Each structure stands twice: as structure tokens, then as C-alpha cells.
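Presented below is the structure to which this report refers.
The chains carry the letters A, B, C and D, assigned in the order they are written, with residues numbered from 1 in each.
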Amino acid sequence: MKPTHPPKIVLDVQKIRADFPVLEREVRPGVPLIYLDSTATSQKPRQVLEAMDRFYRRTNANIHRGIHTLAEEATAGYEAARERIARFIGAAAAHEVIFVRNTTEAINLVAYSWGRANLNAGDVIVLTEMEHHSNLVPWQMLAAELDLRLEFIPVTPEGLLDLDAYHRLLDLHPKLVTFTHMSNVLGTINPAQEIIAAAHAVGAVTLVDGAQSVPHLPVDVQTLGADFLAFSGHKMLGPSGIGVLYGRGELLEAMPPFLGGGDMIKRVELRSFSVNALPYKFEAGTPAIAEAVGLGAAVEYLAAIGMEAVEQYEHEMIAYVLERLEEIPGVRVFGPEAQHKGAVAAFTLPEAHAHDISQVLDDFGIAVRAGHHCAMPLHTKFGIPATARASFYIYNTRQEVDRLVEGIYKVKEIFG
Amino acid sequence: MDDLYRELIIDRYKNPQFRGELNPNDITFEDDNPYCGDHIRVDVRLDENGVVTEAAYSGEGCSISQAAADLLIEYIHGKTLDEVKALTKEDVLDLLGIELGPVRLKCALLSLKVLKAGAYGLGEATDDLVA
Amino acid sequence: MKPTHPPKIVLDVQKIRADFPVLEREVRPGVPLIYLDSTATSQKPRQVLEAMDRFYRRTNANIHRGIHTLAEEATAGYEAARERIARFIGAAAAHEVIFVRNTTEAINLVAYSWGRANLNAGDVIVLTEMEHHSNLVPWQMLAAELDLRLEFIPVTPEGLLDLDAYHRLLDLHPKLVTFTHMSNVLGTINPAQEIIAAAHAVGAVTLVDGAQSVPHLPVDVQTLGADFLAFSGHKMLGPSGIGVLYGRGELLEAMPPFLGGGDMIKRVELRSFSVNALPYKFEAGTPAIAEAVGLGAAVEYLAAIGMEAVEQYEHEMIAYVLERLEEIPGVRVFGPEAQHKGAVAAFTLPEAHAHDISQVLDDFGIAVRAGHHCAMPLHTKFGIPATARASFYIYNTRQEVDRLVEGIYKVKEIFG
Amino acid sequence: MDDLYRELIIDRYKNPQFRGELNPNDITFEDDNPYCGDHIRVDVRLDENGVVTEAAYSGEGCSISQAAADLLIEYIHGKTLDEVKALTKEDVLDLLGIELGPVRLKCALLSLKVLKAGAYGLGEATDDLVA
């Protein structure tokens, strides 16, 4: 993932911050917001909000098959967003980008459509112990229905995938290998290209949960070799209610539809229908039109900064975060060292529960999340019920890290 | 902060008065809050009239869940089983004396949920016990 | 549906129009927009746009389990919208309102979850010949999977359901009766209460497609007696990307989950999970948070006008529309007379194809839809490939109807 | 309007020059646009050198689909089969001489799709024939 020659472009964080209206907010009078919860959802620049607002104030219409001016403009806006997103992830064709609600729906779509058509009793799916529930529960449900076998690549105490164990699991000839590109708890950036190549070598199909990678790293589906890639708009400066399933054209072509209804059909009689071409086959009913336009604007915003610059900025940020956190007595940060990690720091304190940490930090305007972050099995593995998680994006500053550290000292003072 | 982390809560969290287990007991129940892993066990002893003579809690979790448990256990001493069954969310909030968001509310009410499930002799502690 | 004593409240259309920014638009210089396509999607008042914008600029955070201020405010906003919507449709409890993307997803949810758990080979589902593809294709897919039998209540030449035929179909003891409350082509308002009562008398579960009724009529699930009701936010002044499945609590409780992932679980281990309580059981992953807030604002806007007033206004509108259209030689309007009909007029002209009608009208800034309106079987039944459809909402005026009529004369002139 | 409904299109729609069926023929194909029900059949006769000597279309639909068919059929007279196979979307748009939105584009290209599917001897008329 790391470019060998890190680009020189530096990201102008103050200019970026000025684009995010929420950052002007005071959580309480005199207490400005320090938003360290972008792994849960990112904030939105005014460019995204304005694109959606403009859509609703000038163009709003239902898409597809409308001849009137608004319908044609709305369709063009929706499809232009698809094309922009396809370019952003290096898809070979725009119709490989399917609009869904979020990463979760994207993964369920693959489980219901590809899974039920291609998997049979006894087939093996390989996952990892660091999956988000959204890339775990759909496969548990499918495994229960079809009697499949789930196997997990173990996570090492450092928070890395045990790749030797993975290569042994491949002897089981899994039909599917699915894994998170970047852990939302440990921050681990997994060697996706290597994992995928090994999976393909034994004939497995691959699904990458890109919920955390697509917002924070350059992700190119051709370089990765991924068959499927799932991600959410709301984590990458876009609105809620929109996400993407990328799938390789041939795979998507061969898959049966998932949701039935308007727009995914070519022809309907009372007792039968024929399906529409891609991508519409998988977009039943009125889609999240304004949200697609918003995600298109988000991708444009990120592309203008450059994902290499985003990655580099966040890499320097997490190095600083880890350095500062490690100086606090008792703080335990989960996951690998900065070099293998995105800008996520999940930690515990001996004196205080994660909830108490988050609550006290909130009094200083600092928003961090506390809990299992939808990764209970990973927390179970590390023997802890909950962590506090501070996560960073392009609008966060070193000063905010310093405030976080001060806040943690305050927690220690109260609970110590 | 001064609001939420009233001295009382921090004090009860750091220096609990009713921590422990009672064996044997007349009522015992335990459960946890899956969202944060907080765990509470409550043990109660009753006299022949169904009045609480002794009670204790054990478990682990955040300051709100533990302090709420400690305060609740103190409060039920001398109450009848029927009075215990009739306890509400408001009783716990009055004991804590603070306002809570939806997530911390679940922390605060865990001990009451466990206590009432035990008092009613239920197999499971459900949210409607503290609705 | 018609109140016996129509309320006196009259709707102030000029005041309403001022709330809809898009109505100020000129389609081309000097050609103001006349938007007659609300059946496809409605326009949005600034109150809805501002509610969403405010959410993004002040509150935006992921919901559930967040302790920090923004997360608590976002959760409160999301759940307040649910409660408002529950009141709007008369649900017994807020947790009977499940947020989905649109009507289509709501119906698919019932088909996948309730359908697969409760239906077996040979079971009968009763539908109608006037269904939108979204309430047809999901059942065709399920029928193919489970070997079910689909039976259809016929549509009379006037565009009404043949209720005698329906009562005969009930002898087949269907497990499910599902129908559109209001047709998006004919405008027919079906006697939902009567259909549901008869279905319940033979033990069938009922699903009402409320995509067109909830935006335009007072709809109360208790009065209807419906087991399920599906509708879309974008057709009722709300944003795209959000819709609702209402379900009776007991039914929803007993149903297996549909999509698996974050937030729909109580506990997860590597190979098993237990489901969360309602409504979260059916809301996997990050939902359309800002869109729920927007739909809440839309429902507030409609409730302030009063759905009786909306119904009455549209009833008078369609009566006027039919009167004016009937004076044009050769115009054929599909569906029943005004008394049984919502404000939808799908029509044909002998001289011109629906596409040509729509295209010429667009030159006058008039937006009508042309095609089969996702109801191909109905069009087949009437022996026509396509209709032009003008549809009306609370922001449309009689003057706009007059402009439509002038436009149709122009079509006749060009193609005559 | 003057733009889209150029006199030419209305004229060809009202007074088609090449409507009809040719039986027997060397190439015949038909298909429809499911979105609007427009239907086009194309019949072609070739001489021994593979040059179009006669062609006709039949069907029904909107002015754009019918006028485009009429203009296209006129255009292919005297062309070789290879030239017909090489026809593109742009050729049809040039014949029509107007700008079209995505929906009307499908109407305009239906006859070309049908013609090329016939010329190539395909079983099905797919969109990539006119992409």
C-alpha cells in the first residue's frame, strides 16, 4: 500500500478544515468539537452538502426512463457519480459499480446472490478474526442455511493476520476468501494483494471489505485483483444512505438478482420477468439518487487532495498519536505499530472503563467511541469487553491529538 | 463532567459499600450488557416476611453501572420483595441524581434489570423490566 | 377513505409553493417548470432540506452506542423521526417502524424474511393485476424458489379491482394477500380495509403497498388492519434513500433477520450470533441517518397541513383534471372516475406516442412521465405499450392543469 | 421543440417512405424496446455482391423510432453488407440531425440495433451493437 516514493504533496489541513461546517461547532458553550470518530462516520465538506442541496433545489426527479428535462438531468447526475466512483477505484467499467445503502448491504448482496447460487454444503469460506460484524454475520447466516464451513485467519497478539495459518487454510480449497482491508479497531492494513493472489491460486473468489480502506488509502481494484469490494459513502466524506458494491463484470453478470422490483427488470408479465442489464439488475426501486450525487462530490473532493496525500497525512498522524499515547502510564493501544496501521487507536486504561473514558473526554468536546466497535470476536480474543477508540481523518490536527492526551490524563486523575 | 461524575458516583465506584457475594442466598441472578461487557450479579437474602435483610452485588464494568448497583443494593435493604419488584428506572436515576444519555442509561439500569429478573424468578433479564 | 364530512380546512397552495425551491426553476430560459411527475418522486420543501443540512452541519455522527454528544444527538434525532412516522401512520409502537431504502426494499424484506420462514410449496399468494413491479417481482422470485402459486385479482375495464373474483380467490386459502393501496397508473384507491378484513377472515397475512397512498391520503394502520405497510420517503416530500416497512410487532418479532451485520446483533461469536431487539434486528449497518431525519421533517410538514386536507385538495384537483382532459378529442384516460381515484391521470392520444407527448410537453416546461410506469402487466392488460402520466401533489395548481391541456393541444397540432 | 421535432422527423413519421415488408428477403430481424413498446422489423434484399438493393421496415412506436428507421433504411440502399455492419450510433444521429437524451436515444437506435443484429445473423439484438 505504501508508495515507495511518498509523494511530496502535502495536505493543507487548515484549508480542509474550513470546508467542514461541523468543525465550527461548540459541543457546549466554550467547548469546541474535537471529532475523533471518523471510523464510525466521517464529517462532510460543504462541497458534498451543496451538491446534494443543489440537486434537490434544481434537478430533483426520479431517474431512468424519464424524458422530461429534470428526469434527464437527474439520470445524468446519478450516472456521472457512478462513473466518477468507478474511476476512483479503478473499475474497468462503470456498470461494475452497484449502488447500495452501505458496506453491510453490499456484503449481504454478495452472500444472498453469489453465495446462494455458488456455494453448497461443506464448502469453506475463509474470513479473519478481525472482521466487523458486517463481514461476519452475513456469512454465518449463509453458513447456517447452506451448511457451509467458516474458517478464520487468526490475528497475532500484535494485531496482524497470521499469513502462515492463512496459507494452511487454503489447503481446504475455500470457495470464498473475504477479509477487511483495514481493521476498524486495530487499524491494521492487511496485505490485500498478497491475500487475494493466494486465494486466486486455489480458485477462490475474493471479497474485500473496504469500509475503512477506500476512505483512507489509494485503492485500485485492478492492482488488488479483488473480485468484490464493498464500501460506504458515509465514511468517506459522503452522505449516509449510500454505499457501493464493486464486482467484476463477469461475476456480476452471472449472478441472479437480489432485490426484485422496478428498474431491475427488462420485461414483466404476471408470473415471470426477465432481468435488466448491469448495474440496474442489482438496483431495484428508486435508488438513493441525491446521495449518489453527494458521494460523487465526495470522491471528487478526495481525488483533488489525492489519496496518496491522504494516506501519507494519516500515516504521520498515527505515528504521532502512538508516540503521544505511549507516554501515558497504563495506556494500552491495540494493533500493530504505525507502519502497518491506519489512523485508528483503540485503547484501554487500567483505571477506567471505555465508557468512562469516552464520557469524560466528551466533557472536553472530544468525541471518541467506546465499545466493541462491531467486532466482538476480536475483543473476546484480546480478552477485553470494550475499548475507547480515537480515529483520525484529513481534517484532524496534531493539536487535537494533544488535547486527547490531556483529556486522558484527566480521566486518570478522576478515576485514578 | 462535574454533573455526570458527581462525587457520589466516583466515590461509590472506587469505594463500594455492598460489593460481594452471599452464599447461600434466597435470590441470585446475573447478566451482562453485551454492548460494553458490563457484568452484574446480585444476591439477596430475605426474612420470613419477604423483607430484604442482606444484599450484595458483584461484577465489573463502568463507573455508572457499578455505582448504580452499589446504590441500588443499599436502597433495597429493608424493602419487601413486592417493593423490590415495583422498583422503576426513575428510582435508580433518583439514586444517581444525574441525567444520562441512552447508552449510559443501559449501564445505569443493568443492576435493576438483574435484580428484578431475580425477584420475579425469570429465566432472562429483558429490557421491559426497566422500561 | 373519503371522510363523510370533508373537513373545512383548505390548503393554501401559494403558501405551500413558496416552500419548494425547485418550483422557482426555469427549465429553459423563460420556461418555468410545471412539475407533474410527483407519482415518480415528489419535490422537497425547504423545511426538509434544511433539517438534513442542519443535521450534517451540526450533529452528524454515527448512531447507537455512541456516548459522545454528537452521537447522542444523532441517535435522538434518528429515533425521534421514527416516533414521528409511527404516529403519522398510527403504529402501536415506534419499533414497528423499520427504516429501509424504499418501498421496494420493504417488500423484499417481507418476502425474504417472513416469506421464506412461513411459506411452503403450493401455498397461494393473492396479488392484483395493477401491482407495481416492486410488489410483483419479489413474489415471483419467491414463488420460483419455494414453488408457490400466485393468483391475481383482476382489474375491471374501469380500472377497479374485481372484488367478486377476489372473494372467490380467498377459497384457495392464500397465506398472503398483497395489493397496492393506490395504483400509480390508474390512480385507483382500492378498498384496503375491506380487502384486509376478508383476507384475515381466511387467515391470510396482508401487505399493503402504500407507496402512493401514504403520501396522498390519511393512512392509519389500525383502521386498515394491515399486517405490513411499505412506503417510500421520496414520494412524500422526503429525501431519496429512505423508506419504511411497518409491521405488526408480533409478526416482526417472529421473523428471522434479513440483512446481517452491525447493529442488528446482540452478541457475536466467530460462528454464531444472537439477534437484537426490534427495530434494530432489521436495520443492519449504518442506516440512512440524515435521510430519516429528513423524512421526519417531511411527515411533520404533511401533518401540519393535515392529510385530510391533502386528500381533499387532490380530489378536487383530479376532478378538474379529468373534466379538462375529457374535453380534448381523442384523449383516453385510464382508470376510474374521480371519486375512486387519486390525483394521477395516465392517458394516450391516437396521434402521438406517449414519448412524443412527454417530449413536446417538456418543451413547455411540463414534466410528465411516459412509459409503462413499472406496471407492464397492467399495460399489457389494457393493450397499450405506454401511457403519458400527469400526476399532482399539494403544490400543483389549476393553472398548471390548464397549461397541460394547452400543451396536449399543441401535441395534437404537431402530430395531427 | 423545433429542434427535436424537426420537420424532417415529423414528416418521415407521418409520411414514411420505406415502410413495408419484403418477402422473400435475405435478411429479416425484429425486436422491441421493452421500456416503451416500440417495435421494429427490418427486411433487406441483397444482390450477388452483397449490396442492398431493397430494404423496408415495419412496426410501430414513437416518432423518433419510426422516423429513424425510415431514414436509416433509405440510407442503406446501395451499401454493402460490410458497410451496414459498420454503421454506428453516430450515423443515425447524423441522419436525424438532433440531440437526444438517454431515453430517446434508445428509441432512435432501435432500428439500427435490429438491422445490425440481422446483418450479423445474431440470435439477439444487444445494446453493444449500437454503443
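To be clear about the criterion, a residue touches a chain if its C-beta (ideal position, glycine included) is under 8 Å from a C-beta of that chain, and two chains touch if they have at least 3 such contacts.
This one's a predicted model, so the numbers in the text were calculated from it and none came from an experiment.
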Which of C-D and B-C has more C-beta contact pairs:
C-D
Whole-Å distance, chain A centre to chain C centre, using C-alpha means?
31
Roughly how far is chain B from chain C, going centre to centre by Cα mean, in whole Å?
47
When the C-alpha atoms of chain B and chain D are each averaged to a single point, how far apart are the two points in Å?
79
Rounded to the nearest Å, the gap between Cα centres of chain C and chain D is 38
Using the touch rule from the top of the page, what residues of chain C touch 2 or more other chains?
65-67, 267, 355, 359, 370-371, 376
For chain D, which residues are shared contacts with two or more other chains?
34-35, 103-104
When you check every pair of chains, which ones turn out to touch?
A-B, A-C, A-D, B-C, C-D
For chain B, which residues count as touching chain A in their complex?
1, 4-5, 10, 13-14, 34-38, 61-64, 103-104, 107
Given the complex with chain A, which residues does chain C contribute to the contact?
21-22, 25, 27-28, 33, 35, 37, 40-41, 43-44, 49, 52-53, 56-62, 65-71, 101-105, 107-108, 111-112, 129, 132-138, 140-141, 143, 150, 152, 232, 234, 239-242, 257, 259-265, 267-273, 284-291, 355, 358-359, 361-362, 365-371, 374, 376-377, 380
If we count contacts the way the header does, which residues on chain D are in touch with chain A in the complex?
34-35, 101-104, 127
Where on chain A is chain D touching in the complex?
65-67, 72, 75-76, 266-267, 277
Inside the complex, what are the residues of chain C that reach chain D?
352-356, 359-360, 363, 370-372, 376, 379, 384-386, 414-415
